[in-house]
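In the two complexes below, chain A is the common chain; its partner is chain B in one and chain C in the other.
Entry: the complex of A and B
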């Protein structure tokens, strides 16, 4: 057989293996504070210590001010935002997610900063009637003992939040 | 205009393609070799004339992959002065650069694609999905500092979100996407290499299974086993060879500030696809009005819409109207601006997924003018845009003949 997942694993092939379950986050040194906050049902976003811009994901430089020493720190955010786009996943091509379909993924622009985008499931379910610009608020899925994954739920329009998202 | 010192100084002189199939039960290397030998024989050169090899870099070299090391040995090519692994659209550009710069004179470029064994759903073979699957099978988990944004949308779903957003912003309907799917399938019915040759209608498109709303089955390319190869040399050498030379007139890659995956949060017209095509037009004497053939990337139909708009056939957001007015209802194909034909081999959507590399070989065959009943009359220019997903590896290449 050709190279690929089966050859890479050295196993007899995934067909014989039990269906894997949804993978859980595996924090590393840098992401540990993010997951620790998520476990407490607090959404955090990395913020540049030089220019105070929120950055997702935090990389080695700040894309806003260009600092190569951005000193990113995870800070709590409101978790409020608006739907920028979405898709309902009816079929998953990855093991671990096949038992989860259908689910709805939202691309959310957070209220804190233009273009600050986070992707998550919408916990209202796959049959939710959505529109672009709909207000959402962070919610959490408790996927394992002490492990929570940020997601979203439809929210009431906020007086202080953004309205219709810009084009 | 930008500098373009390589204009028309290089030519494609050989092409080779394997059959396309849903399960050919062959290794990637075996397919790659068949295509490579086909291209060498088509060019009519001795294989020892090849002194540069660009292979496919996706699978490990020692595991049935078709990287340059295995290819050169398996083909018995004694000496090369340039080697590289590449993929999707850009490998063609790398190879042309190598000949132009003098690092080699005659280069063999090979692109093999195989569906991943053991992946139960055929469309699971996107290179990114495959890479992720390999990591998982190797006992790794998706982790690291950059996964906050990427974790939740885990394969092609971002394209569905792009499509939803495009439809919202520009009030587009699914008919625009349907026309692309039908156009490609109609062309594929006449292409003996195509994996999908049963004609489809707009109604078939609309009735196809929804995978990631609003994206449907017929919005997605068809995973197959296949390989494509071609040979590039100098225009001077091409004059002595058996086929009418197909000249490389202009090329451009594209890169944007926001690089990979869904992190491509740039606006619709700011991503690398637009950058690549703008770079091409800045280097090309051939204009959009001169274009006989256009091969816009079609990994997903939303890619094709982006490519058509980025190429300048219409303003951003106007592809729906353009495709409606360009529709030849009798032939069930598109003629952009009443003239330019799209994806005459069926592309990834219907011939089968080759990362757009089958655009190059099809364009060369059509520009040679000897495709029999498939031949587009008087085709002299072709714009090839393979691998032009929004975020990775877009290439734009203008090919022409005399």
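Entry: the complex of A and C
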């Protein structure tokens, strides 16, 4: 359903001011591996090298073990999760998203760890019927050259739901 | 007197002033703040020379790209103190969690510790030209790189997620929230300085408004305004010599830092866990129980906060606030109900943060609410922000 700004700009009419583009991530030293993996359509989550807890978002300390040298490494995850909440964005404060509304955002609890929650778009379309606990799987939006943003799509219920997976 | 060290019941509010609440004041916010502070000092029966403490929370809570300029888009305590004259000896800004309760605590502690004798606490809120939250950023670094490229940005989606969790979990509906907003606007319409003075809202108007970030519509959000409020604090002992009936600070509690999450990610469970812990500390610290509170003033910068606060404070069972509201439980005109939005709140006044809640507690408990004066108002609770990212202050007519 989604077209990146590269595709959208190709269809803009003549003389129109260029549509603002979607904000793209500005990777830093710590996050660069995350965005590099995303560009390959691999979802990763930072994991503490001391206590192995997955952490969103990574910071200077581990929220679980308190280490000030957590050595976070981005490790691939299943990309599976369940919907904890959602909203349909109909008005965006980001001009680069004004051409994208309405779109669905989902609050997803990833399968790897209880309360490991991330927020992304659901690419099934804004009219998708959702329920709390609906299974989703990661999907990616290619928003610019070499830049892909993790999102989600509805998935079949998996044999091992997130409730059973404990790391 | 409690054995607990601290200021319980030793510090009181002795005067106030409030500017008109407008979309754009047509004059600098700083000038409005100076006028309002002077009026509050006069209201307390004092002169500027006697005021020796100034506190505020100066936060300009925009997600947009607006410049934060002292005296224009915010007013710090130092900015105000410099312009009021006198001999300030304690000037402080609050930067932690829970803006209004946090700055009330600064004022109370300044008086209790002897750092100052008469403290002006003010709050100045500004509505910049253009969209309040719009942000033309092209790249997202730092913490925002985890959310902005996905389109998760700004407070509407922030509150929409836990609000939807609430609706789904408890089978609630926007029809009930319409009653929350109508109650706030009914009360705000009765307040002369409110932006919404004489402008109540019907549930039909609420339900006809387009959704912005489901299930949030514009009427679920307080409207950005220019406005200033100021209160004067002093010791219970000094308060006896001043013209107005003192309203005592009986206790205060602020939210602990919530679980680390993505920026603006406020899951319902975080809100309720943080709020429940806050309420427990509030009752312990103030010596008040929910049953003692005849003037709860819940925070409503976004309408779902009303449900969350009613539940964490124990004023109704968890998951039932929506029914409680629908059954008239917070109808300020219904005998026996809890007038939880009698001051109009943020939805009924404008984006004055927790000021409407604090002001209603003060006016009612001081017996200064005029036509709106309630027969029974002895213990008030003024809430601010989200239960997990805010705070609450207990006020009483008697030193407790």
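We take it that the second predicted complex is superposed on the first by the 143 of 167 C-alpha atoms of A that agree within 3 Å, B and C clash if a C-alpha of one lies under 4 Å from a C-alpha of the other, contacts with A are read in each partner's own complex, and residues count from 1 in each chain.
Note that contacts are C-beta pairs under 8 Å (C-beta built on N, C-alpha and C of every residue); 3 or more make two chains touch, one makes a residue touch a chain.
Remember, predicted model here, so these are calculated numbers, not experimental data.
Should A:93 be classified as contacting the first partner (chain B), the second (chain C), both, or neither?
In the superposed model, A:93 contacts both chain B and chain C.
Taking the superposition on A as described, I'd like to know which of chain B and chain C A:105 touches: first, second, both or neither.
both
Return first, second, both or neither, reflecting whether A:143 touches chain B, chain C, both chains, or no partner chain.
Touch partner of A:143: chain C, not chain B.
Using the touch definition from the top, say if A:117 reaches chain B (first), chain C (second), both or neither.
Once the two structures are laid over each other on A, A:117 reaches both partners.
Please work out whether A:25 is in contact with chain B alone, chain C alone, both, or neither, and reply first, second, both or neither.
Both partners.
Contacts for A:57 in the overlay, against chain B (first) and chain C (second): which applies, first, second, both or neither?
Once the two structures are laid over each other on A, A:57 reaches both partners.
With the two complexes superposed on chain A, say which partner A:85 touches: chain B (first), chain C (second), both, or neither.
both
From the superposed pair, tell me which chain A residues show up as contacts to chain B and also as contacts to chain C.
Of chain A, residues 20, 23, 25-28, 31, 56-57, 59, 63, 84-97, 105, 107, 115, 117-121, 132, 149 contact chain B in one complex and chain C in the other.
Under the stated contact criterion, what part of chain C meets chain A in this complex?
Within the complex, chain C contacts chain A at residues 63-64, 131, 133-143, 145-154, 156-157, 160-162, 164-165, 168-169, 210-216, 259-262, 265, 267-268.
For the complex, which residues does chain B have touching chain A?
Residue positions touching the partner: 26-29, 59-60, 63-65, 114, 116-121, 123-124, 126, 129-130, 132-134, 136-138, 141-157, 160-162, 164-165, 168-169, 209-215, 257, 262-263, 265.
Quick check: in the complex, which residue numbers of chain A touch chain B?
Residues in contact with chain B: 1-9, 11, 13-15, 20, 23, 25-28, 30-31, 34, 56-59, 63, 84-97, 105, 107, 115, 117-121, 132, 149, 167.
How about chain A: which of its residues touch chain C in the complex?
Interface residues on the chain A side: 20-28, 31, 35, 55-57, 59, 63, 84-97, 100, 103, 105, 107, 115, 117-121, 131-132, 143, 149-151.
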